[in-house]
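Across the two complexes that follow, subunit A remains constant while its partner is subunit B and subsequently subunit C.
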Partner chain A sequence: MTDATSTLPTQLPPARRRAIPPDVAAARVRRRYASERTFKALGIGALALTALFLVMLLTSIIVKSLPAFSEHRAVMSVLVDAAVVDPDGKRNADTLRSADYASLTRAAITTVIPGIEGRSARKALTGLLSSGAADDLRALVIADPSIIGTTIKTPMLFSDDVDLYLKGDTGRYTTAAGVAELTPSDVKGDITLTAADQSFAALIAELEREGISADAEAGAHVLDGRIPSRVVYVNGGAVKVVKATANTLTGPVLLPLSSVSPAKTGSWNLTTYAQPESRRRISDQEIVFIDKIKSAGAIERGFNWRFFTSGDSREPELAGIRGALIGTALTLFVTLILCLPIGVLAAIYLEEFAPKNWLTDIIEVNINNLAAVPSIVFGLLGLAVFLNYFNLPRSAPLVGGLVLALLVLPTIIISARAAIKAVPPSIREAAIGLGASQQQAVFHHVLPLAMPGIMTGTIIGMAHALGETAPLLMIGMVAFIVDVPTNISDAATVLPVQIYLWSDLPEAAFQQRTAAAIVVLLGFLFAMNGAAIWLRNKFERRW
Partner chain B sequence: MSILKQASSAALVAASVVAFSGAAAARDQIRIVGSSTVYPFTTAVAEQFGKSGGKTPIVESTGTGGGMKIFCEGVGEDKPDATNASRRMKKSEFELCAKNGVTEIVEIKVGIDGLTIAHLKGAKPVEMTRKQVFMALAEQVPDKDGKLIANPYKLWSEVDASLPAVKIEVLGPPPTSGTRDSFHELFMEKGAEDFDSLKALKKADEANKTKDFEKVWKSIRKDGAYVEAGENDNVIVQKLEGNKNAFGVFGYSFLEENTAKIEGVKIEGVEPNYYNISGGKYKGARDLYIYIKKQHVGVIPGLDKFVAEYVSDKALGEDGYLAKKGLVSLPKEATDKVRAAATAMTLLDGSTLK
Partner chain C sequence: MTVVYFTALALLTLSAYVLASRRSVALSSTGVRLHSLPAYHGLLAISLVIVPMLLIWAVGTPLVSQFAASNALTNFPAETRNDALQAGSALREIKNLAAGQRSGDVSDTLRAAADTYSAWRTTGDYLLLSIGLAAALLGIAASLRLVSGPFRARNHFESVVRVILLACAGVAVLTTIGIVASVLTETIRFFFDPNIKGRPGVFDFLFGTEWNPQQAMRADQGDIKSAYGFVPLLTGTLLITAIAMCVAGPLGLLSAIYLAEYASPRMRRYAKPVLEILAGVPTVVLGFFAALTVAPYIRGWGEALGLDVASESALAAGLVMGMMIIPFISSLSDDVMNAVPQSLRDGAYALGATKSEAIKQVVLPAALPGIVSAFMLAMSRAIGETMIVVMAAGLAANLTLNPLDAVTTITVQIKTILVGDQEFDSAKTLAAFALGFVLFFITLILNIIALRIVRKYREQYD
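And then the complex of A and B:
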């Protein structure tokens, strides 16, 4: 580049009117090249910045969504008790449906960790399972009533908190092996663990560092939920440390001990869970239970098919996008069959048949204006016209489709007109020259050639409709709908609305679901835009 | 010709579908509209109701005001059966209902929502009074002579020496949100009443039928100290994570779900937790309601059973599934009263509304 610049002055054509001194000319040329380089750099910079943001956005969404695509289950033996499921033995479908399956799943998990007494501990144990576990069991029994009365081994879904715990790092812990012989006072209830004097000096020092000083009244260091919790695993059980002195640890038993015989040095350990109990959704009791089930090898992690096969739910682990997907498909179907014919025919008429006068000018301006109207306005229109005047059902894909059709119609008309305009006049003229009527020329020759452009425009318009939520708010599609819709007058919601609703729920697991639903929506959009590009490349003709 | 044929037949199909579904079949599914704050709880009840045999009700999230408008449109199959509200029904709304023939309304107070001011965990614990909140965020505050001046405070420590010397920055909901209304009523109005000059202004308002006092507590400063962070409480929580000096305003259930990251500010010495809110000790709390159209009971199948499910002990009790979803239930006697009134379908008396 520099070489070229330095040799340029000699190659410049002679100035016609006013001679420009060579040095000035060279400076001007340099300036021109410099400004071109700046422009190029800015362009590349802008592109790079956009790409960077896009990559950041996509990565963050995908990373966030990944946990939602898997789920944790407890593989357990369940006794399908005939007395509970089918007391009269008639295999009546209604009886089977309304039976108390939750009591069976509760019984199953209590057999994995036997000997748990006390209401709150039992509740913590049975609460590990999702309410969906009972629903799954119900489905199994209804599908195959012959399993009634037998014991089956089946995976049972964990609740969202357990699932998050197993996926996340709330359970980070450190373990210190016992440094002295430890004697428990009992196997259950509130017990004291005693060891030789100063055995727990290290723990006491640690507590002091965490801001816990000796409590004069209790005569010990009292641990609370604001500091990392400590659990002693001894004799096959677990004891939560609530009070500590130099030679004793006191607290409730979380998991019953097998005996009170003294545990040898090194055969027991003190585990410190880094996250204080008050800062997590899951208690020490639950952590001990989960770890016990885990060590029994009864936890499996699998792909979360439910996310694609079930409708919405208020339990994050049960919530799926099937309802929203079908709702989206139904809504877009209505939109497509309305706006493709109307849009294309309107475009053909305006482009090929309409006289050019002030009326068509006004129509053209208005179509262009409509394309820029905020989408919420179409929702208000839908509410006033379709719901209040025509009395169409609320929340239905039919109304959603109608509203979105109004929204994308201008886009389709504009792109269809552009596509028709791009067909060279020679095609039309040749057809008419051979005796075709105007209509024959248009439908036999111009329209087929314009079709790829029209399709591309339509798909892009549909992709636009796919991402809309605002107009649907007014017509009742922003709603909690569990049942998967089956036709266009059923209540339904659509993907972007589902994303919006989930993002506003407090449960942490719903944040991952939100990200996963966004990934699915993005996949849809990529597929649609990809189809548009493919159509264009495959069928487009150049003249 | 084929394209024309296809296109016209498609249009015809569409038109006939429109005509057909206009005559929709009788509704067998409960429809509920209203507040997005009550939405997480009503949906949980709806799902349980659906699992126990009924058809799962449809719950729309339209906001309290929007819900009231749709609810009061009239009686009939195409009108909703119930509406969620994060505040009590207004007298004007009750009158609108009555005008449109919705004369039998049952009010159910389902629980309490604590409005919390919170900050990132790890920062020094802070205590505030509502007066301090008002001083920090109102557009106009009284100076020492009681004259209203534009809010001069930049740092929390200027509001009160006990507060940290950091810039005032509060992330909260925009004016369209029901939470914002509650924030004004629970924090700003009560805080303003702690000034003698403003109390006098309130008295003068009542005498002269002016609204000067209301204007003072309903105006939030616009110089960047209060940041409108969007309707979505999760967004506010996320934004707090990046800014350890900022405070956020959101519902208690979000604080409860995010205890690992954020911490509630004590208001007048009371920590926002379940027991303080339920017992009425925590001042920043509001009641949540659902309003039922009694005229629809018996017409829409299952509506009475849905109400029974909502007020049942397994839903509304202290250990109920709504408590797990973050709803703070009323004290036991109050819950029993609500349950009795809901079961008997006691009608709402319009003269008790404001």
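And then the complex of A and C:
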């Protein structure tokens, strides 16, 4: 103490003394406290903004995904025609499998809206159903051939565009009740609807606002696919408006009218679909058909189990994640059986046995650097070494698992080392003191105590592997694969890659499915991380 | 054959254990005192079976297939054999035919070659199996002979275990060697192999301002103009990284300061999981969010302000990448600030500093090296990130610093070139490996510097 004080200068320099007026001092203190508060608020703000990002991310994805978890089906009576399904009556499995079920589903939907004439209208009607409807019917018949020849009532899947329309994706429409008595010229074909003069002045004015002026040649305002489309519902039928004058509307019949008798004021209506026909994937004709089926009460909405039970497909309504889930499971299985033993043994070596020399140093520096190498570089390694040098199969979970194992190995080694280090030396010393060899002490006493920590690290590493995409793109796991893989050398894809593939597709239905697949992926990740936290809380010991 | 081999391996392993440990038990029941427990005699016997059998399999299988392939190729004329490309495709066809995966017309030469291949394979596989079995039986015999009272089975087994442990630790080193070897050899070929058409010089690559890799699809398209200028990719990558750091730097650091210095334990308990969840969100999910939610928003705002925004702007990708690295920066900086000794803070308080003054003037300067290294690690992560930029940034290699334009990055180009069918010997494919090498190199330098700073700094306060 004396030494310390003796080094101080015996004479302090004269202090700068300047009287600070009390009000200035108070202002200064206030300023300092204000800046203190600002600084603290900045910190809270940064945290809040981060949380807001997370909330925005999760809500936007969950909201996008919700429609994909349900699907619309038409509940219809189908005649399982023996002449189509099983013409020779032998119930031969091959005959049953190769029969033309699509013709049966087409026939079924035409019975719901009878009287449709014209090729394009019939095509529009039968096109409402998904191609999967026929496959479902096939599965029903093969499961129970006794239904052949009978009429069964079964739900049939709609196509993705119809499904989206029913989920309200096509946008708003407005309905205006008729303001005058309306006389149709015919019940089908191209017809003219006539009313008292100036009845449609409001419509004409609306069209003018939308940039349509009177066409001199036609003597009317001509509507095209670039403006909101108009449909007149009259006498139980529907007419699309193509030409409009002050007292007539002309256009093709979309749904046959029941009669040509004049419709009273208020008994008909003019519906405007805000989204122009050219900007949606579903035509006015189809909308009219769907609304008709809906008013017949033949539409049901159910949970989309198919999303979890089928593989990938080009048709959004048929596409599912089962193939990707199985591919993920196989890939992670390979990863786990490789990186858990190697990671733990490497950690044991480095923590317990490694001599302090240059080799150990190199290994340690290596592991730390490897943990920060971009994942796509591991993909390059997989491509060059596993695919091109060892000729392992492309797109296979085997190679994917190998690459991911190398990727997460550093994570597992680092966390396993931390877990082993946390076991107090007294445990080892006690074991060695009782005559155990060093390896016996480690494998019989230290390792079991470190196991919960190792498991936590492993689960977190596997969660990391589960979300990884880029290296798997490099080794060809991006192929379009319909079949569900059955072993580790089959071509397969994994959930994150499936998400990437779907997100690239233009159909709105695929975007929803992408979001739904993300929800499933995040569900797995949260479950794994939750398990890790639970494990840590339950088994963590403070020595 | 592999199945048979490994079934034999499993059976022999089991019998080796049972035989050796039984024998030692029998020995000890006659009154001989054993140095090692019976289990160790069994385990040593196991290692004497597994190690030679695995070695024989690992060395022998590639040899057999190499030998069978070269013998099969003798059915083809010499010019096919000497041309690496033709020989390769012939070999693929032979293997497919031998595996029964080829349908359609097959030429006589090919069928004969496939028969030769199968014949040699079968012979080789049987040979391998018999050598493996012989070695295993020898191993068992040796281990049974070795069982005796004074024999130190445990010590021998433990030295085997030690070698296994070292081998496992060596996997990390092997991985690095594998990465460097695979990426570096292709890069050297890209620059210096005279057989590669359209390869650029090193100088053109490093300083060229045009990136336009093309691949001749047919022989008569040989003179397609390719450009391999690296500069637009580097500026694109750095632009997106800079945007990301502008977002994540302040947000990550400020939240770390709040968590480390101000937050109550309760607050930490709620705030930490938020950051952990954000850190755990896969990048493909963030890419989807960037491409489908953030990019249209930015475009909408840009149009409202009368700006011309590309639909795949650097800004959208950069913002979301910033979100990705916030937790990274904040958790690393949090750790660093927690490591600053409390005495430094107490000193500042004693001199009358407010909390924020103590943080700004004492804690942050003390933690600065650690924070700098956290930023460097975050940058290296942003540079190497792939999925966000693949989904939200563009493919066009524009040389621009305007964040509203579409730019491309190193990782996007690697992915674009290598996904789908490629010819392994074209300049385009090799260019991807050259980019991979540059990426590995840049991130490695950043990591090494950052880790060195951290280590030095940690020693200072320990």
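Everything below uses one rule, namely that the second predicted complex is superposed on the first by the 498 of 543 C-alpha atoms of A that agree within 3 Å, B and C clash if a C-alpha of one lies under 4 Å from a C-alpha of the other, contacts with A are read in each partner's own complex, and residues count from 1 in each chain.
Here, a residue touches a chain if its C-beta (ideal position, glycine included) is under 8 Å from a C-beta of that chain, and two chains touch if they have at least 3 such contacts.
Since the structure is predicted, the reported quantities are computational estimates derived from the model, not experimental observations.
Once chain A of one complex is fitted onto chain A of the other, the partner contacts of A:Ala51 are limited to subunit C, with no touch recorded for subunit B. When the two complexes are overlaid on their common chain A, residue A:Ala354 makes contact with subunit C while staying clear of subunit B.
In the superposed model, A:Ser503 lies in contact with both subunit B and subunit C.
Of the two partner chains, subunit C is the only one touched by A:Ile413; subunit B is not. In the superposed model, A:Leu473 makes contact with both subunit B and subunit C.
Contacts of A:Asn368 after superposition: subunit C is touched, whereas subunit B is not reached.
Of the two partner chains, subunit B is the only one that A:Ile481 touches; subunit C does not reach it. In the superposition on chain A, A:Ala27 makes contact with neither subunit B nor subunit C.
Contacts of A:Ser437 after superposition on the shared chain: subunit C is touched, whereas subunit B is not.
Taking subunit A as the reference chain, the count of touched residues is higher for C when subunit B and subunit C are set side by side.
Residues 341-342, 345, 473, 476, 478, 503, 511 of subunit A lie at the contact with subunit B in one complex and at the contact with subunit C in the other. Those residues of subunit C lying in contact with subunit A across their complex are 154, 158, 161-162, 164-166, 168-173, 175-176, 178-179, 182-183, 186, 250-255, 257-259, 262, 271, 274-278, 280-289, 291-293, 323, 326-327, 330, 354-357, 359-360, 377, 380-381, 383-387, 390-391, 411, 414-415, 418-419, 424, 432-433, 436, 439-440, 443-444, 447-448, 451. The residues of subunit A lying in touch with subunit B in their complex are 98, 131, 135, 170, 275, 278-281, 313-315, 334, 337-338, 340-342, 344-345, 390-396, 398, 402, 443, 447-448, 473, 476, 478-483, 488-489, 491, 501, 503-508, 511.
Residue ranges of subunit B in contact with subunit A, taken from their complex: 1, 3-4, 6-8, 10-11, 13-14, 17-18, 21-22, 24, 29, 31, 33, 36, 39-40, 43-44, 46-47, 50-51, 53, 55-56, 58-62, 78, 121, 231-234, 251, 253-254, 256-260, 325-326.
Those residues of subunit A whose C-beta lies close enough to touch subunit C in the complex are 32-33, 35-36, 39-40, 42-47, 49-51, 53-54, 56-57, 60-61, 64, 341-343, 345-346, 348-350, 353-354, 362-363, 365-370, 372-381, 383-385, 388-389, 406, 409-410, 413, 437, 439, 463, 466-470, 473-474, 476, 478, 496-497, 499-500, 503, 511, 514-515, 518, 521-522, 525-526, 529.
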